[in-house]
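Below, subunit A partners subunit B and then partners subunit C, in two separate complexes.
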Partner chain A sequence: MSALSLLPARRPVPGVFVALTLTLTIGWLVVLFDGGQLFNQSTTVSLLHVAAGLGLVAVGQTLVILGGSLDLSVAYVISLSTLVAAETMNGSDGAVLPAIGLVLVVSAGVGLLNGLLVTRFRVNAFIATLGVGLLLKGYLDNGYDGPAGATAPSLVQSLGYQRVGPVPVSFLLLIVVTAAAWFALSRTRFGHHLVAVGGDPEVARLSGVRNDRVLVTAHVLCSMCAGLAGIYLASRLGSGAPRVGTEGLYDLESIAAVVIGGTALAGGRGGVIGTVGGVLLLASIDAIFNQLEVDAFFKQVIRGVIIIAAVAVYARRAMRKAA
Partner chain B sequence: MQTVQPRSLPLRLPRVRPGGVLPILVILAVLLVLVGIRQPDFLAPPSLMSFLGRSAPIILLAAGQYFVIVSGEFDLSVGSLVTAQVVVAARLIDSDPARTWPVVLLLLAFGALVGLVNGLITTRLRVPSFITTLGMFLILVGAVYLWSDGAPKGGLSEEFRRFGRRAFEDVPLLGRVPYALLVLVVLAVAAVLLMRSDFGRTLVAVGDNPRTAELSGVRVWRTRTFAFILSGLAAAVAAILLGGYSGVSFQAGAGLEFGAITAVVLGGVALGGGRGAVVGAMLGALTLELLFALMNFYGVSGALRSTVQGGIILLAVAVSATRSSSR
Partner chain C sequence: MSDSRPVPLLTLRGIGKSFLGVRVLDGVDLDVAPGEVHAVVGENGAGKSTLMKIVSGGYAPDGGTVEFAGATRTFRGPRDAQRAGIGIIHQEFNLLPERTVAENVYLGHEPVRRGLVDRREMLDRTTRLLASIGETTLPADARVGQLGVAQQQVVEIAKALALDARLLIMDEPTAALADHEVELLYGLVRRLQERGIGLLYVSHRLAEVFDLSGRITVLKDGRRVTTVDTADTTADELVRHMVGRELSSYYPDRAAPEDRGPVRLNLRDAGNRKLRDVNLQLRAGEVLGIGGLQGSGRSALARAIFGVSPFTTGDVTLDDRPVRLRSPRTAMRAGIAYVTEDRKGEGIVPRQSVLDNALLASRAVFAARSGRAARTVRVRELLAAVEVRGAGDDQEIRFLSGGNQQKVVLARWLALNPRILLFDEPTRGIDVGAKSAIHDLVRRLARDGAAVLMISSDLPELLGMSDRIVVMRDGHVAGELPAGATEEEVVALAVGTVREPVQ
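So, the complex of A and B:
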């Protein structure tokens, strides 16, 4: 789908931050003109909350996309995780750690399944993760009609609502996860191998990379990120929600955020910092439109246009570079 | 998405691998037998004809999706396009029979236009089709809600609805032939003929190896754009039939894109392009519908539909993938 560069193109200056700054500046002016205030406490907090949820998923999604795969099952993993977390805790503070552990194990299991299907069974990633997502959807639809379980109050207070100044704890969690992912990608063997596999699987294999193992790891990490997002949402909502992942369009939005962040959908180029930029961009647009009280449906139209336009700009740049 | 790049076999045959349709025919036959055991009445002509009529929209969508997939792209926008079409039709017709035909033409034009835009953005602006059609999905859903203020307005005329719900009654031998089935048969034949024409061969060649196709003088962007237009048109026809059959709702097309992609893959068509037959894709859709009917007969909860769908698709693709890689 794209020209593969063999250079370690790991440090693209993410144009998304330029776009983000522009958006925030223009948005701030427009909101000001409209008689509102974009950067007051409550809008900033809610912006960062939106970014935290989507961001956790998108960082994981970045890993698989960098490796030339993708994960459509994250939305269902999120829903499942909220339920696993809330039902295990069942309102008791003592069960927080076991619940978090269980969520991570379950989501890692889903990631393992995705990874094995993609590598061992050579199923196209789109189909493999769609299929796994459908399996989970059936389980959720069959077993749950509405919210279930109860998140431990201590977790609701901490991860769900506590903040340091205007920055929610959940956003700090996102920063930590992003930093870890950044470190893994740029400083560890796994990261270098992952980018190599995404760039050209054949070349990577011939250079001694164990493609399968690297990709499976990426899938496991991606699902675990979705699991974390599930824990966050459970602590936000106070219970498990069987449809929260799909209703939030977390699967498609996370892929969109990754791509807006400058990571090539075909793999091999990009990084998590750009992804966080993409997430913040989507969240800012949301916040600005909320301030302007723009119709929710119009917001979606604009969102679609922005996603296409952003990728078109990247594609143009890549073409010019190639020429 | 390059992990499972199918190693293209150095076959010089212009036709696609023969036997691509065979597995799906076997699965279909097995399902028919199972249905026959459980519910023999189902196989009686009248109910079978009705079933085929009901399945027409998804079969057409699968055919439309096939054109895009075999050329190496995706169309995730068809589900939202169907929803948009149904809602637009209801609002424009507003229960006035005189407006039926103009609106039908308008819907076809609208479908073709959406396909054209998808195609041009994908081919000219080099945006991956996954993103193009995902963006189009968001735009269409948002726009249609916006335009109708959150609840469908107007209504379809009986003239419009008859395509999806009426039938020629008292046909000898068959009992009844739904209009939808006739539409399906005509368009299916057209699709097969199209794939046998030069255009069809070009389309497969483009999906198999766009570079080679380009170098041999094919205008790849035109071919792919045309595939998107065909998918948009298929969605328009599917919307007309679905709107007639099940009425107007914002859920009219929900999830149909994944259903169509499932069907296409089930029919032995390779994602990434270049392999598979349109008949396979349509049979895949029929198989999926038959499977759901069968689950119904065995009293499986509707909620488990997606689990079964997921299991089947994984199984089918894993089996075909391991088989082709062991060769």
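So, the complex of A and C:
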């Protein structure tokens, strides 16, 4: 009890890291047995690349889920962002900063719309963000058949492919964003209030928290994270891709990563560190199965099992705590 | 009457409030002096909650004035009232179980340094605040969800004090507390008094009101009946003011010996994880009281009979036929009804209508399409028969008072024509008037031939209602007492100071 209460806000490391270690160990052994090598340069790099893209979205998703909301529009925001970035840059290195700025503004705008729908108009978050997502989908499907624009070569080289040792720059970006989000959650009023709103909106309101403002902010930040992911994907692909978000299943996978990372889907409990663990877990499974050349459909089955298992474990724990 | 008192902290004059044309409060006057505990009593629906919400900024009054600390105030919301120095501690705590004590206490006004939340400062201040109300063992960084109810209440009080509350409203503060925790609360209240904080104390438990308050205001039907000095009144007198009825007339007559029918339910050496070797007979026409301490297996017994967590050992016979009650559904089909202890959590579906709540069990268990209309008609009749007041059938049940909610729950079970009724704390948190209505109803059911098992922590109720009393201890039957037993006998069996009498 006393040892526990010394570290109250920093809760015990979520089980996801245990699962991650286990998965990597077992995966490493199995791949070794299969005659491969899990931790060579190229697999590690690609694992971290996968993690960076999903991670950026999932960290943002963590914020809204902590606040008791949800964002299903992120996949479309990502696609839109790749296009905005690539078309603004149009291959010119000089336009990188304006392009990034524009992406952030556009995605923040979408987030604002999401947030206002959820708070002011009291539309259920699931429906509101799904609706906004479909709105964006309509725009994308109407205007684009395939890749468009061109990402500036300097950005492709840096964010897209450069790395420090085995660690891609994009993964470093994820670490920075995660750290910022962690800091915001534990050290700013916004963070405290966000968790309170997710935990119990009525308690938060009666304690003087401006729930709506907090939730709108979370939605804006979430969309901006998706925007960052879009910029990253644009620099990976070299152009804007109107379906990259949905084909990558970034909406559902980001939510899955958040939940695997120990954040309660109902809000009020969890954090971004766990989410990064969840992202790494999903990416590791991907990497292991790629090494083993497992059938892609079977891979999906396994992922589904893992997600369900994770949630079941958390539910059991919550039950034991309540008993 | 109170001219010699110091300048009041809070003065209410002629407060009125209507909802949808129904007058809930009418011309209520009340004042609280610094350091005074002013109790407000009255039946549910008398307007206590509304009055408290007006004081704490939840509602704006339609008429009258609220004067606080010498100035007339119009609060724009709860936050406004908090800032002014009025704190309210609700029956249900407004705390976040996943956050620490300090994070809860300073939620909404976290101390900030250079734009960032100053965690250390927050912890220090919380520790000091807790110490100032005599709570030194509670760590400021403990997670609230891990604390007991009494400690959570302390956190609530600290939360109000963190906003420099000078007036504290306590709404049924002891409803969730165990007996020894109530003592702690008493100490806390006195310490708050010494600090010059005025307290408005709303409670159904008259014993507390007499222990703590200096003055008592009685509300009835939205009007102030009287305000009396506590020293000058008695419980009987208060009850008369509240309902216009004497205390002694609470309990209906017991069953005559010839009313007792055959054994309906017979448990032989029944047990499960929480119960062992329970032998019990429940007869038609009687009210069997179950006494015992919290956690002694009283609720576990009811839950086992109702199939929520079924017996795993022993035999159960129903009307001399062996049965296995594996689930609530089988129990209901066997004619058993269970009114749970936790009305909010297990009794009602808050956002459904009164009618839907009343129909819940019959719809679920006897789902035949035919006779739907007849069923609805019957449930409407039952709702009228149990006298659910002040509500249309299609109103959401959460807007009803506790007593009326309980009556709806009763109607739900009566619709099944149960032969065995299990009541777990049927009158907890219910006002005096509704309480005696429920007592009458329980007795009437027994008289009509139902077998009733009633769990109650309220000893006068247990003794007043029961034809026999079975006392539980540590998951088994500690002993049985006849009607007319004393409180001491029940308690002695419950805590185990006497040898178990041979059954």
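In the analysis below, the second predicted complex is superposed on the first by the 312 of 323 C-alpha atoms of A that agree within 3 Å, B and C clash if a C-alpha of one lies under 4 Å from a C-alpha of the other, contacts with A are read in each partner's own complex, and residues count from 1 in each chain.
Operating definition for what follows: a contact is a pair of C-beta atoms (placed from the backbone, for glycine too) under 8 Å apart; a residue touches a chain by one contact, two chains touch by 3 or more.
In this text, all values refer to a predicted model and were calculated from it rather than measured experimentally.
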{"item": "Partner chain(s) touched by A:Ala196 [first = subunit B, second = subunit C, both, neither]", "value": "second"}
{"item": "Partner chain(s) touched by A:Leu206 [first = subunit B, second = subunit C, both, neither]", "value": "second"}
{"item": "Contacts of A:Pro166 with subunit B and subunit C, given as first, second, both or neither", "value": "neither"}
{"item": "Contacts of A:Gly138 with subunit B and subunit C, given as first, second, both or neither", "value": "first"}
{"item": "Which superposed partner A:Gly91 touches (first subunit B, second subunit C, both, neither)", "value": "neither"}
{"item": "Touched partner set for A:Ser69, first subunit B, second subunit C, both or neither", "value": "first"}
{"item": "Which of subunit B and subunit C A:Arg187 touches, first, second, both or neither", "value": "second"}
{"item": "Subunit A residues touched by each partner, larger count belonging to subunit B or subunit C", "value": "B"}
{"item": "Overlap of the subunit B and subunit C footprints on subunit A, listed as residue numbers", "value": "none"}
{"item": "Sites on subunit C touched by subunit A in the complex", "value": "78-79, 82, 94-100, 103, 107-110, 112, 115-117, 119, 139, 141-143, 145, 159"}
{"item": "Touching residues on subunit A, where the partner in the complex is subunit C", "value": "5-6, 8-9, 186-189, 191-193, 195-196, 199-200, 202-209, 268-269, 321"}
{"item": "Subunit A contact footprint on subunit B (complex, rising order)", "value": "1-5, 74, 121, 125-128, 130-132, 134-143, 145-146, 150, 258, 261-262, 265, 271-272, 301, 303-311, 313-314, 317-318, 321-322, 325"}
{"item": "Subunit A residues touching subunit B - in the complex, by the definition given at the top", "value": "1, 67-70, 117-119, 121-128, 130-139, 141-142, 197-198, 201, 211, 215, 252, 255-256, 259, 265-267, 295, 297-305, 307-308, 311-312, 315-316, 318-319"}
